[in-house]
């Protein structure tokens, strides 16, 4: 076993955005072990100032290309909170359907394109094409269906168009919903196939456990993505309006993105957090997938996040098929949205695929934004990744430099980090 | 014939444009069949300094990134700017409406001066190095990207519309947003997006940048006819157009 | 050859194939090629006409025929300005291009018989004019005095140098050349082509004058000609416009009500006096 | 030929019978609060009471993108035809006249087999206008009713439709009409009244001269200040071209497949108002000024095209460009009337 380790991953690959890993071990003693985020900061909180209430989602959707739908929703919910807007039951359902499409798209992309290469010992999905052509094609197909689903409701795949404060600018036709439903029914077997493929290599997921506080939305009776209160696996809850006192953002010297903590030194968000806080309400197919991998509620292994993502992928498809029926039975109505801007501050939260996502804005009486704040799930996970590293390095040092580096990279990837989202806000404590 | 070597790099952006390449879905296998992707951090672990075509996503917001893009330019035969951040600065340019000190202290408060949080005014790629081709949009239109890549591989000048969004919008039989008194930027913004926003019942907010000669003066007069104020238009033109050419 | 459709009408957009037999660069940007139709037939053009040249996948472009119908096959000269023309420059003998045409109006080959002819060529404008010049030289006895003025931007861009040298030698014609910018290797005229007009020996009011050159040239040449009292009905211009179909449908080449692809490219100047977009 | 009468229920059955026979029918259907031509799935979607469609039926006669050839890159090409038989159902007279004009333009001179083969496979079922649109001025252009050029003409006379099958194609289609009665003199009178009313009633903008005078009017209008005045506000967006039933300018593009070996040469709609419509290599633009492009369009409608096709004016008064132009300058009537008033200028 080597006593000296020098890991310097400059810009970890197959993640959204830029993150670095630095580990220095001398004579078996850890001198440095850091998760660093050098992503170019983007200053969205500063940029939204002066913009109008109905341009906010257009701007902040651009925080992240992968979870642009979640950013738009979180922003719109905050804007609606500030302007005191209610949306109809139909608009709420259609939005939720759209939100599900993003979960499917993102989870398939993450597990299929970014994580699978690790499990198969490849550097990217490209060499997997000749190795497992059917599996890759199935993944591509599921990804395509998810994207078409987003496009149908949002107007395009990335950076949704139709979601506007107060409702939706346009809804699909009944026929389009029917066609979507048929497509969703048709990919259920494909999802099962993907799960089986992952299961066949699941033993490559490192065995690493660390007691963690998991934070997500939760709402009785539903596996919460869009509604609900902020909930911690430690048993705490808070309304969305108080999210700033959950995230407690602070500037960290290792990172251009801010870090967060709630009750402990760090907490985690994401699919596993949602699963741990909502597992009672997962759909039958979601449960089948969880059982397939032996995923028990309450587990604390970051690598199991990937398994929770698969269970959620199955869940959203199954639930959506049913929701389309509910929508169509009621009959689709063309709803016109009329909004009068007013002064106020509002808060919003939804579950992005990679975890809970917070936005908040304040407007003057002309509807111009005077203040904005956002806190993205990856920021909330940074401290937790660091804590994982600190436990992982001594535990996995025996694997040698390359093995350890590979495992640490996989750990970062398992969080599905979306570093490019990284946004920040003032009045924070420096540690 | 050896396949052209392609590398994809990202700067300050949401990475949504790279995602549109992934979203080519089945077609991406065709793409991989015709070019050698030698570096693409978001999708693969390999890295290389030897490439013919560099595809750049994102805008330049830091001095260190300026150095990096210069190095990339020196290595690439063809440099393609991918998406609004790279072609026109994108929403990142909203930052340029404020002073840098103000922007930094707004976000980082008293830590604004920490060296690793340094930033400066947002620049599009061609404000630093020459760009051979631009793929417009926020995000790019995957189909247009694919057509541009195919044209380049054939040694042909890619077709990029020099006419406004209205052309595509009308062809799709949308009712013009102006008929609902919405300040749509379609008449002055470059087409190629397939008029996605008006088709989804929303006004064009200009993510593809202006056409070569936008008739901005006309916009000034026309706005009156719809009972809107110049301010309504100005605030929209700023979204993707901050300090990048014609503003009212 | 022409693929026929059900009703016996041929597809006006379908090119026939032609093979390159010879090619060379005339200068840094102009590529010359000699072609023969794969059908074995002759193109059957009259001087002044053009063909649509296509390389499938890269596009199609109208190109003037530079050779006289009196010779076998036909010749084109292509300037490298874009994708298609760049690709044409890369072709070599034995390779094929698609050809549609010949299209368009013609020089007044018959009307010109027995008359003095003055050709005024600016730059690449020599290319279509050459078709008629060579035709006249091949039927020399049918025509009166032949004067050819050639103006080129710079010495390096002169086209058909050997041929010009031969024309210079001929006793049965007058060639006058000029370049816009002086050059070490050039001891001839310097200045734009209009400076040569006063030197023409033919009786201009009675000659037929044939003009072809870049868009900016026409205005000045026509002004000089009018000063020299050449009547508009004796002047022919060869005009270029953007063109897509070559068969009078696509609308791109319109000059007011006229279609360059059908009413032109060769126009009698007197027919254009009420056509403001012409020059 | 005799005129048949179908009550509304029978008419629906007639259309459904055509659909049931597997024929492709393109008809007028609602798109939110407007109307469009689209593939018809069932008679119940058909809206013959429409005012105007957003785009004209040109999109079926001359598709927005139409393959002309398939090819191997750098090699041989083959003709391809897009000429699926179809029935265009519910064309208003002004649009019908526009199609008839286009038939002439694509067959005169060089015969365009791509267009003409498709056209021959299309059955034109026209219908009299039931409701004036907000900008129609067909009455002014003498295009509010059509007495020829259709295969069948439908008129809604209240409780029933009259169907006038004028050609063999039209009559063949009538075979699907079950229970048709012959129109009575009374019915024909009703039809006549509707058509007479349309001759004057579809006139939201009144042209102050006979359309046949327009070519003459344009002879002295070339340098009139109106071109510059209007075009100052022109966005060069080509909306007026896009929606016009008589515009037919096109671009030709080679599209290559991913194998980089095969592809298609297509033609697609273009518009003379777009900035670079007349730009050649080297960036020389032969119609550089907005006003030159703006003028060209109105000259084409009033003079150039009429000269090609025996005097027919190439504006049929559908009013679509009036609605489509955000700058509100495209209305031909405003321009022509202005020229009428100031005939001496220019």
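Each chain gets a letter, A, B, C and D, in the order it is written, and its residues are counted from 1.
Assume a contact is a pair of C-beta atoms (placed from the backbone, for glycine too) under 8 Å apart; a residue touches a chain by one contact, two chains touch by 3 or more.
Everything quoted here is computed from the prediction, not taken from an experiment.
Asker: Let me check something: if the centre of a chain is the mean of its CA atoms, which chain is farthest from chain A?
Answerer: C
Asker: Counting C-beta pairs in contact, which comes out ahead: A-B or B-D?
Answerer: Here the pair linked by more C-beta pairs in contact is A-B.
Asker: Please work out the Cα centroid separation of chain B and chain D, and write it as a whole number of Å.
Answerer: Distance between chain centres: 37 Å.
Asker: Per the centroid of Cα atoms for each chain, what is the distance between chain A and chain B, given in Å?
Answerer: Chain A and chain B have C-alpha centres separated by 25 Å.
Asker: Just give me the whole-number Å value for how far the CA centre of chain A lies from that of chain C.
Answerer: Distance between chain centres: 65 Å.
Asker: Go ahead and note the Å separation of the Cα centroids belonging to chain B and chain C.
Answerer: Roughly 43 Å separates the two chain centres.
Asker: At which residue positions does chain C touch at least two other chains?
Answerer: Residues 57-59, 82.
Asker: Would you give the residues of chain B that are in contact with at least 2 other chains, written as numbers and ranges?
Answerer: 154
Asker: If two chains touch, include that pair; go through all of them.
Answerer: Result of the pairwise touch check is A-B, B-C, B-D, C-D.
Asker: Going by the contact rule set out above, which residues of chain C touch chain B in the complex?
Answerer: 57-59, 82-83, 86-87
Asker: Going by the contact rule set out above, which residues of chain C touch chain D in the complex?
Answerer: The touching residues are 3, 5-7, 9-15, 17, 54-60, 81-82, 85, 95-96, 98, 215, 240-242, 244-245, 247-252, 254-257, 262, 276-277.
Asker: Sort out for me which residues of chain B touch chain C in the complex.
Answerer: 154-157
Asker: In their complex, what parts of chain B are in touch with chain D?
Answerer: 27, 30-31, 33-34, 146-147, 150-151, 153-154, 159, 162-164, 166-167, 170-171, 173-176, 178-179, 184, 186-188, 211-215, 217-218, 221-222, 225
Asker: Where on chain B does chain A make contact in their complex?
Answerer: By the definition above, chain B touches chain A via 10-20, 22-23, 25-26, 28-29, 32, 37, 40-47, 58, 61-62, 65, 90-92, 94-95, 97-98, 102-111, 114, 116-117, 119, 138-139, 196-197, 199-202, 205, 235-236, 239.
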